[in-house]
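As written, the chains take the letters A, B, C, D, E, F, G, H, I, J, K and L, and residue 1 is the first residue of each chain.
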Amino acid sequence: MKILVINGPNLNMLEKRNSLQYGELSLVEIEKSISIKFPEHIFRFYQSNHEGEIIDLIHFSEEEYDGIIINPGGYAHSSVAIRDALEIVKIPKIEVHLSNLSKREEFRQKLITASACNGYISGFKKNGYFAAVFLIEEILKEAI
Amino acid sequence: MKILVINGPNLNMLEKRNSLQYGELSLVEIEKSISIKFPEHIFRFYQSNHEGEIIDLIHFSEEEYDGIIINPGGYAHSSVAIRDALEIVKIPKIEVHLSNLSKREEFRQKLITASACNGYISGFKKNGYFAAVFLIEEILKEAI
Amino acid sequence: MKILVINGPNLNMLEKRNSLQYGELSLVEIEKSISIKFPEHIFRFYQSNHEGEIIDLIHFSEEEYDGIIINPGGYAHSSVAIRDALEIVKIPKIEVHLSNLSKREEFRQKLITASACNGYISGFKKNGYFAAVFLIEEILKEAI
Amino acid sequence: MKILVINGPNLNMLEKRNSLQYGELSLVEIEKSISIKFPEHIFRFYQSNHEGEIIDLIHFSEEEYDGIIINPGGYAHSSVAIRDALEIVKIPKIEVHLSNLSKREEFRQKLITASACNGYISGFKKNGYFAAVFLIEEILKEAI
Amino acid sequence: MKILVINGPNLNMLEKRNSLQYGELSLVEIEKSISIKFPEHIFRFYQSNHEGEIIDLIHFSEEEYDGIIINPGGYAHSSVAIRDALEIVKIPKIEVHLSNLSKREEFRQKLITASACNGYISGFKKNGYFAAVFLIEEILKEAI
Amino acid sequence: MKILVINGPNLNMLEKRNSLQYGELSLVEIEKSISIKFPEHIFRFYQSNHEGEIIDLIHFSEEEYDGIIINPGGYAHSSVAIRDALEIVKIPKIEVHLSNLSKREEFRQKLITASACNGYISGFKKNGYFAAVFLIEEILKEAI
Amino acid sequence: MKILVINGPNLNMLEKRNSLQYGELSLVEIEKSISIKFPEHIFRFYQSNHEGEIIDLIHFSEEEYDGIIINPGGYAHSSVAIRDALEIVKIPKIEVHLSNLSKREEFRQKLITASACNGYISGFKKNGYFAAVFLIEEILKEAI
Amino acid sequence: MKILVINGPNLNMLEKRNSLQYGELSLVEIEKSISIKFPEHIFRFYQSNHEGEIIDLIHFSEEEYDGIIINPGGYAHSSVAIRDALEIVKIPKIEVHLSNLSKREEFRQKLITASACNGYISGFKKNGYFAAVFLIEEILKEAI
Amino acid sequence: MKILVINGPNLNMLEKRNSLQYGELSLVEIEKSISIKFPEHIFRFYQSNHEGEIIDLIHFSEEEYDGIIINPGGYAHSSVAIRDALEIVKIPKIEVHLSNLSKREEFRQKLITASACNGYISGFKKNGYFAAVFLIEEILKEAI
Amino acid sequence: MKILVINGPNLNMLEKRNSLQYGELSLVEIEKSISIKFPEHIFRFYQSNHEGEIIDLIHFSEEEYDGIIINPGGYAHSSVAIRDALEIVKIPKIEVHLSNLSKREEFRQKLITASACNGYISGFKKNGYFAAVFLIEEILKEAI
Amino acid sequence: MKILVINGPNLNMLEKRNSLQYGELSLVEIEKSISIKFPEHIFRFYQSNHEGEIIDLIHFSEEEYDGIIINPGGYAHSSVAIRDALEIVKIPKIEVHLSNLSKREEFRQKLITASACNGYISGFKKNGYFAAVFLIEEILKEAI
Amino acid sequence: MKILVINGPNLNMLEKRNSLQYGELSLVEIEKSISIKFPEHIFRFYQSNHEGEIIDLIHFSEEEYDGIIINPGGYAHSSVAIRDALEIVKIPKIEVHLSNLSKREEFRQKLITASACNGYISGFKKNGYFAAVFLIEEILKEAI
């Protein structure tokens, strides 16, 4: 299985952010732990702070990948454009948030991009990515 | 590992509900599939349409179980009382929704009970419960 | 015809409430007057102050009854759970309110449960129940 | 008994509208079916697309009629003027909506005119008018 | 001085409305009392329940009259069309409300048409019209 | 091609309104310029300040005309009744606004009637009508 | 007749404010013009920028005056305390605003104090005070 | 004096909740301290997590008790049904909250049930119950 | 014990206000009844209609008094300044309202000042002050 | 005439989106059809998913082009930055939306960028671009 | 240069407030540090807890001072009256807040008074006053 | 001292924008004037219309610069992503707006990015940047 993992703005600085909310690992450490946990899959990890780049990545994912795991960071709450891009692509798409959004600021409560994914996972820090891989496996098994 | 799985109102009638939203299995079939998928754990499955019963279950879960998986159904959006009950209990708590709530009616957008859980999973039908078990395993491994 | 008549919280105390809003009869007197007015039908009258009990009653009504008349009292404005229960059951369902809700407090204006019924009747006190029976007759005639 | 039946804007085009919402009969067919169903009463049927005409009709109804059945169509949600006209007239007034408004667009949720009627009935298509006649009978019996 | 006095919907039924809010006089009595109070002016009194007729009246008032007194009744709170008509006409325009709107229902708080008048007077029953005549006199004196 | 052009309230007074918003032509001049610009089509121009008359015009347009161009003026923002009338008629319907509504008062931001048209054009003054004719031509070409 | 005229904050600086909104006179000039216009009455003019002083003035007005004219300036939109003070005093109370509030900023649309007066007048600059005196005369005539 | 003390959902777990908000005593300790503090009265203490049970308790309190002290927990903010039950009962009713609600989450700001009590007390932890007993004494003294 | 009792705007006029809401005593009578009820304490009673004076009083209370009882009247709902003053002072502070605010106008529902007190009491008329003294006694006992 | 046609995010994937909303052509096909329809003009077509690139394009358009046609896609509803860029450029600017926005999700109802254009066109699929070219022609003719 | 520095309610108690928000200096220490930092200017420092006094100070500042620095404390968010006073005075006016308001409670987000100043500075504690003096110097240099 | 000055979208076009709001200088002229005014510091000036580029700049500023001055232009009101980037960096950060935002459109009132800065300055045109440099000097002096 080939999985595209997109991390949005500020996730490249993860180790500098509030560890209570986001956990204590850097993004590179999380990416490594995913590869180690699921050695049977091929992962491509992208991080971008640019909304347009994320849209470009999504557009061309369908041919090459079996599934998308996306943590859109701050764009989750405002980007109609990323939402529309996700809607176009027909492979399994899973939105992951490190922190439990339902406990945080009002402006993090509205989920725009998640409504164009299969579903979303929020609050489990690094483990949220693991669960996303696990779920893509399950979804693809069912589709056979 | 001993896991308490609580399903709230109307989930006993699952097989009669809209299969596009909720999938095609009955609750009993989902419960069976969980036990089969994770034979190494002990599950206790409760379903109740009564807010008060769900609160009672949560209160006394801490001593007997290693984790709670809860699908509070319609109570997810209004019950301050279930939310406060969950806050009291200190074992891992994961909220699961069969459907992708971010795509549905306005009155299903506010999440009250989830803010007292570790996190939540929405939109993966039966697989959401599987992912919840997977996540409790991961959370407990970390805690050692 | 066999009709289930469910009255929700506080309707057991009807004779003690504001008669301008609710009329002057007790619930028992209303129930009697329904039976007398429509001697050709069989009625089962339940009153419960418990949200969960009302959900249980609805779940198992489909096999035994030809129609449901429900006055959900205060639950009409907040219970997503009763709404989802009504949606599951496929016999005619009519919501009745004794008072004219459009004249009352803001918190009584939102109708959650009615959106899962065939329709609703508000403001005619006891006569609202009579009209509901009349309407079930008409709906079932059409269905033949 | 002499009953005034007022149908507001677009009800003259009923047979062209969405039959799932409004039923399959034309307004003339509905009017005929009312007369046939209740041969013991005299009905006067008016349809108007003009807010002012509806107000005029209401103003002079009191002397000639025993009750009003009104389906204000789109004016139900905005017309303070029709609402005030209804408030002036002291005979029984019943608002009828063919569709179940609680299931429809946000702008159909606010009920302005209904708050000046005895009550309202929503969602029973043609049968809503029948129930309204039935209710005027009951209300007038009580008033004796 | 020649003054056009427009009364909107339901003001023709004034004597039947709540006298605490609207005073005890009929519209004809109010009109008479205006003529008697200000014998030096010529008044033309129109009452209409039709939004379109009121707009027509306003459009052609400029050439014939020195000022407009308008009580738009329920249209005061919703009619962008009457508002725009008033904006076009350049003679003094005064909006009068018999009752004190700031004490009444929420839906009477928004003033649409008043924003296209010189000003407005609310709460003085019949005397509001007198004050409006008095004010047109003062405004026209200043304009000389 | 036979096109019905309906102009709503206050458009008969166009030459007296703010020319920055609405342009400098009178309605008659706009109508003439449409006929001259598109001599190959037959136009019927109606202007009315009456909501009910506009609804009547729409109802009976389908048999006689190939398309409707409507500028509902102030009714665009409040009339559920005109919206429902437009929904009934199945020929191409285009809503035109002379001014750019997105730049104006809050109460002009909500578009009720446009949601029952093929689409809408706002901000091009007289040219908006020209574009509407152009669009009806294109839509009908496609339908062949 | 003895009339108390209270002007609230910033009205002492009137001649320095936007003359399009407030007219061109200073407060002293307005006060003089009132006394000249109505030489048959005794006026006491107070201006205060202090909310508490205005409340004190109102409390003790009842014994000495026949009526109150109040322009609460900016306090009109926020002062529950002045509103409650006005409610206590039983002589005629008229609120005057120099500018047409319905044309101005959002935060000037809510009227708190006016709901404890007989009524209010907005938009007629100096003439609003004249109309207020005129109205107190009329109200007191009726009371005899 | 015989006083019914009802504690709602999660108050049975008090000793496990945030002591800064709720104080450090368990519910049993609070109940004991009330009995010790006021040995001259008879108290009946009920705790229930079930909305319906609380309604049942209230309904039948009137005959047996002189007053009700109720801490509805999370139901205080959503239960129209408990509110309506309290309205029916005519003995003194006092709502108590351990924490100062005006300092907490937005969803704890709306008070539904308190509007059917004599009054409410918030923020004094255990002492709030003492003050409630003190107040029932005072209210009953006055009523003699 | 030395207690400062601050009453805000309009409480000096208490005997003239609606006795259903506020009780039938004047402020002086209430103050006297407090002194008589609790002869063991020293009370200082201040009443002021001035927001600034109330702030001054609070600032200098800490050194001289053991507790503050404050009824901020209309300032309770708008004064961030009084709220900030109360936050500075560290002795027990109790807000009292004579009427049950949860039953009254929308603009009395927001509590600004209470969030800087220990807690608040609403709806018990005169007895609310008694309960406040009782509570200060209890709070100070605990603090020993 | 030289016209810049900017298409925002996701329009490069047009052929994969819902054809009921957006029509059945790809962006390249639409662009070709524009060139064929208007062979007398020179078009430059840009598509970008990057907000910043779109701003750059707009900034430097004024010197080279006679007009801008822009379909900002999802940025239409949130980008204050694109709006400000459009405001700076003084050539004709027309916003086009393929779908009828007034029929779609709430988050597509607010138009930010359109308020800095001459006007906007919504709902005519491919034909909306044709009408935009037609309108730029008309606007420039007038400007001569 | 002569500068008036007005500090509103509770700033006289600065040293007792939360030092994380407001810094650790008392108001007197801040005032001293301003005088020392800018020995070339004359400062007049006023602190008042009274809204009316602040308005009085502003009214008479224009003749004597070259600029105003104002920290309106809690009045910044509610006082239309102070806002209108500032609008009248034509010398440079700068609003200063010690804390970063955009990080604090919802009720501190609305800025009423700042809209009548040249601009505002928030979040720099004591240094905000220094920056305000610096800015008045720059503004006055430009004005020469 | 080494200071990074970031200007967001459209600030490269400053000289073409409304000079009443933004002043009359181009961005290059403002940048030059900063360098001249503070010759003792080293400035790096960046302007970008791209949200992602601004985030990248912020991420890597901490090692090289002593402080950040940022004018995020239109992104100030919507970019959670820039806000989160600023939160990560621990050097002094000051947000500057040329215009007084509290006087402008509703959509410019919400400040997202400012809540992750030390503070913000709005309304002083070019001088706002000068004040920001002045403030960084002061903040760094204190930190020693």
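Here are some notes:
One rule holds for everything that comes next: a residue touches a chain if its C-beta (ideal position, glycine included) is under 8 Å from a C-beta of that chain, and two chains touch if they have at least 3 such contacts.
Just so it is clear, the model here is predicted, and its values are computed rather than measured.
Counting steps between touching chains, the shortest path from chain I to chain K takes 1. Shared contact partners of chain A and chain L, listed by label: J.
When the C-beta pairs in contact are tallied for J-L and for A-B, the bigger tally goes to A-B.
Repeating the F-J interface with over half of its contact pairs identical by residue number, the matching pair from K-L, I-K or A-L is K-L.
The distance from the centre of chain D to the centre of chain F, with each centre set as the mean of the Cα atoms, comes to 31 Å. Mean C-alpha positions place chain D and chain L at a centre distance of 62 Å. Multi-chain contact residues of chain H, defined as those touching 2 or more other chains: 50-53, 78.
Pairwise chain contacts present here: A-B, A-J, A-L, B-C, B-H, C-D, C-H, D-E, D-F, E-F, E-G, F-J, G-I, G-K, H-I, I-K, J-L, K-L [touch as defined]. Within the complex formed with chain H, the residues of chain I that make contact are 100, 102-103, 111, 114-115, 117-124, 127-128, 130-131, 134-135, 138-139, 142.
For chain J in complex with chain L, the residues that touch the partner chain are 50-53, 55-56, 59, 78-85, 87-88, 112. Interface of chain E with chain D (complex): residues 8-10, 12-13, 16-17, 48-53, 73-75, 77-78, 107-108.
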